[in-house]
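Pasting the structures here.
Here chain A shows up in two complexes: once beside chain B, once beside chain C.
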Partner chain A sequence: MHYHPLTSQDKQEMLKEIGVSSFEDLLKGIPKKLLNPAMNIPEALSELEVQKLFLELGSKNASTRSALSFLGGGSYEHFIPAAVFQIIGRQEFYTAYTPYQPEASQGTLQAIYEYQSLITELTGLDVTNASHYDGSTSMAEAALLALRHTERNKVLIARSVHPHYREVLKTYLDGTPYTVEEFGFEPGGAFNRSEFIEKLNPDVAGVIFQTPNFFGVIEDLEGISDKLHAAGALLILSVNPVSLGVLRSPGEWGADIAVGEGQPLGIPMEFGGPYLGLFSTTRALMRRIPGRLAGLTRDMEGQRAFCLTLQAREQHIRREKAASNICTNQALCALAACAYLTLLGKTGIRELGELNLDRAAYLRAQIAELEGFHVSLDVPIFNEFMVKSEKPFSQIEKKLLAEKIFAGIPLTKFYPELKNEFLVCATETKTREDIDRFVEALARC
Partner chain B sequence: MLISKDSRLSFEKSQPGRTGVTLPASRYAKTPALAELPQHLTRKTPLVFPELSEPEVMRHFVNLSRKNFSIDTHFYPLGSCSMKYNPKINEWVAALESFAAVHPLQPESTTQGILQVIYELEQCLKEITGMDRFTMQPAAGAHGELTGIMLVRAYHKAKGELRRHKVLVPDSSHGTNPATAALLGYQVVQVPSNKRGRVDLAELKKHLDDKTACLMLTNPNTLGLFEEDILEITKLVHDCGALLYYDGANLNALLGIARPGDMGFDIVHLNLHKTFSTPHGGGGPGSGPVGVKSHLVPFLPSPWVEKRNQGYCLVEDGKNSIGRVKAFYGNVGMLIRAYVYIRTLGLSGLKQISEDAILNANYLKEKLKSIFPAAVDEPCMHEFVLTLVKGKAQGIHAGDIGKRLLDFGFHAPTVHFPLVVEEALMIEPTETESRETLDQFVEAIKKISREMEEDPNLIKMAPHTLPIRRPDEVLAARKPILSYKDQIGESRPQTPVMSPHPSLSPEGRGVG
Partner chain C sequence: MHFPKELRYTKTHEWAKRNGNRITVGISDYAQKEISDVVFVELPKVGNAVQQAKPAAVVESVKAAFDIYAPVSGKVLAVDTALESNPALVNQDPYGQGWFFEMEMSNPAEWDSLLTAEDYEKLLKQETKH
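Showing the complex of A and B:
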């Protein structure tokens, strides 16, 4: 096996040095009945055969390169500069361990620190951690932080938050003394303000909104943070980082915690993962942050140095008293986001936000003119929006798939009341020709 | 000089007017979409972002990368972390557009290849561990543990036994074990180890009763020793109605040698980023699939992949499921890499992993134990622990040895862990290191051992040859500067609410 350097001669000599006559002598502590289990696993393949096998398996997928995709809903097709892959592909980053030895990990540590700096700018808050597993788990961790900090027992969440995220939150809180309550949305997709106010009470530790929400609607959160803070609760916002070059930031909305999915920042869709859980908060909550943090300090000669810090919150030090059990995070994805944002720079992130607003606005205007389809033109949107069809969506999906178009995400599965409504998305990757082709195909349905 | 001393941030190299990307200029909407938005929904605070050209960005990051140790540049004998070679074919496959550019909510007919990979990987993991079903959702080992303990709770709840509120962990366990149990509201009970580093059966029995929910165990344990009484342990735990959780961090010792399922474990998590060679990436992403025996299958997170007549499909059956633990289906990119690895190695290659890992560990232990004593001097599995008590006289700690090793071009072992061993150096060479590398490592340890006598300060002040000297970690925690924004003073650090416990000052400690 070409990953394993020991030759049979090495092995013989090493056994001799150890002082045993055979390898089996090293396994004496293992009960005999457990040894050498039968396993039904195929035999080895050469690398050439592996390439062929996986090219063949890959050919059973349609990718968003071979088809024209208008899918969003928490995973987005974006342009990724070639330099991003070259940067994260540096094996010194790729094959390094967690930077517990700072002297041997300044590259990773400085990159994490720069990532924290960039995300802190975008969210407009004070502190960002080194990442969580994905947007859903960072949102659940934010809820736990709010519950512990306020010592209250309930979290309110908008139903316009990504359905998977709400499911994960329920899983995390199930069996704990904590409860989750949801409030609904209006026909256009924005959260229902009066229902939210009705449900806000002194038990509420924090309230979670997503903006742009699952339906692509940019939520109007005017006055919300004042209301929550007066009630002693925290405001948690789940955001799309690509929107933050142009949209009002969590800091500007008065949020206490911002979370979100970092996948749009230079990370491939990869059928749902690995992604990047963003997590930012205020100075006041800094010492309750779950997960790793890189900080700036000095070395013994006074030179600038980076290290993991505030580790007294973490499981490898505090064991059962830790702020969270999180250990591994998504460092390489954070590096991709860091490289992506650095390449975009100050003007690029704003232009990108404008482009995404533009493509979705154009697509919505085109669909609005089609017979048999209804969109709401008066809600502000980013990337995506809801479309109601007069015909069954399954029929439309099938017809468009025959033309190699992924038409959208059916909403009934997540919201039974939204029959024949679907979510369509256009990022900067869609040209006018792409959008026109899609709209023409819809018109023929 | 070869490695740049420049530690300026990208922000500090910025020049107004530069950019590293050219985006399309075309706009299609009739009026600029940003202008159409209600103004109170738009950003007002200008962004402080770097402005650099593409070549500057490349040089910035490539120079940063050179300040790292990594598997592809250095030997990384980090105990409990299985820092083995990350095969490049894994990356080649995962980067194929037919896998990487697939949206998670595409129609199922267009994702048959990926679903087949997930399905077949699950079949292999079942064979390797002796479990009946896996969920692929957990994103890392600790996430797998969280999922696993949620399954424990769901199981006891279904049996009407929610009174079971204790989770037992050995005192040698990984920090994530007690942290996970505590996160879910369990009382954590530490079971002391015996003199031979194994679970003390008499101590274990004391804590087994109708309040016990589960025992979390890694086998081989963190001392690299196989729990010889494992069959008796699993029987005792089951007899009291509790479950057994297997922390798969150390599975690299057992491929084709023994299976947690056969030992009696009910739940297993695997770290695909350890045993199955997916890259660590400087701290993630990982992947932590969780396998269970049939009596726990109904509680698994959904969806999962099934093979039916019409093809592979995602099945959601939420009746008894604990629910979803992650959006979509898990870190699929890591699942693909792990499956490529398994198919490349095949049955005999998998067995060879553990055989060579065990052989390398025993060889290294044999050569090192005369320099620093082994915590337990018996044949080990894939790793072993040395104790540096003899450094005490000179005030040299295990962490110092780790730092000095960096000067010799070796990454530090895991130090000050497991907590049951005083001044622990935990060493895991893995199967992908050659005998020559191990011999060089032995020579370095010998030399350091001599330095302990001759020039202890050389060790206490190490490293001497890296881009930085030892950083002031106390300062970093006392006055946290966590972003460029902190540096330029937009948000002033406040007085800390709680100061870090002095005895917890980390010396590069930690495993995961």
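Showing the complex of A and C:
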């Protein structure tokens, strides 16, 4: 059987109906010289030639496999066991989507349920959804939840939150009656407590902090949740999941919502995506959680079964009143996180955190010894920190790049006041030798 | 099905009970049967203003989620907090323990626009015919 979306007879009837004799007549308004312009594209290549061409082009990129990278700033280089790729590559699992049909998707649904359980345990909250696009969209969804729940119209956010996340939040709230206000940070990089308190008022629906923050500083959030709850506002924390093996969890900080970038959990840096948005909240806010949620139940025969749950919050049922109109998630990346965390186990995640603490502390202490570079040794950090250079950072960056070392992320483009300051990261992937090589190269700058 | 004579009803299947200017609101026996097992009720905030025929609460059943409309305009005085832990009260006792909220009516003329039990039953008969 042939499938014709549109037969020539259909076309003729449609053209007749609108009083036009041919399709070309519809294009009359377009100047002749713009119609069917000659395209200057090279001759076709064979598959072999195309492969060679792209290999050549690809080899111009310097990846973390061929260079020594100290880049962080929201995307982190971690060791990923080969088993993670083996598991997510299985054809039964190989999809980015959340399945609706429980009768045909028990395996995927169980994997999502286990991912949710693992993230819930890490964040110390009650419930986790099946994920969002990335850390920034999770954070924006958390802000929307706070605004709707409190029926207030303002979100306060620390300037020490990732600049891209703050941009995404502004984009999400553009054209709505909601506003965003920021509060600054101290010279060492921690949020400015007095400015935060000054800006907290009865219009504020929720306050967003990131810890470790964009500068790598572990924020001191003592007393913050009590203050916010007394003011009727929600506490939203953006966290690095890998740090939760050693740092206080959002639940312990009294957070109402925890969000974060799941990339450190077994997902390669890959030039920025696809990543994984983590989202956990409390039982009290469960009905307002955006996105998909896999649940555990029993089937008609009393056997354990998994299915999507609490779907009345979602757009295919509540349309304009849905908790979110973006229910697409990152099931495959969530599966990678699930496999990665399962392989690490309870002690593994703590050891991983300790290694990150150790490597970054060693690197910071070494840089502190160097002439021409300044670091604050008294701020608590996890795996990255700020460095101030006396020479222009662009020069240093160039010199180190020639030695295949990625020195760090310049901060001036995000914070004009932070001239020649840059962000440096050292995860468990950096050995003492790697760090010494980097410090030695910096010393020669 | 049972529709107490002393109550007034809306086309959207809420009931309203009047005590001076205080109005108690719930959903009718017909409504609770139609939507089947209630699993969650999102109640309005005490002190919030509500408008006649505008959404004031949400009821979620195993089938779907539905808006509950305010039968008259006014201010919310109290909500049935028992529904938070036991939403099934809406099915078990729709005119009693399954009430949703109590409000102060700001425009008593609106009361007269509500349906009597007799009118409501007529409406249901027409609706079920279609």
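Assume the second predicted complex is superposed on the first by the 390 of 445 C-alpha atoms of A that agree within 3 Å, B and C clash if a C-alpha of one lies under 4 Å from a C-alpha of the other, contacts with A are read in each partner's own complex, and residues count from 1 in each chain.
Heads up, the rule we're going with is that a residue touches a chain if its C-beta (ideal position, glycine included) is under 8 Å from a C-beta of that chain, and two chains touch if they have at least 3 such contacts.
Model, not experiment: these values are computed from the prediction.
Of the two partner chains, chain B and chain C are each touched by A:312. Shared-chain residue A:287: touches chain B and chain C both. Among chain B and chain C, the chain that touches a larger number of residues in chain A is B. In the superposition on chain A, contact is made by A:151 with chain C only, not with chain B.
The residues of chain A shared by its contacts with chain B and with chain C are 287, 312, 317-318, 321. Those residues of chain A that touch chain C in the complex are listed here as 151, 287, 312-313, 317-318, 321.
For chain C in complex with chain A, the touching residues are 40, 42, 45, 58, 60, 64-65, 67.
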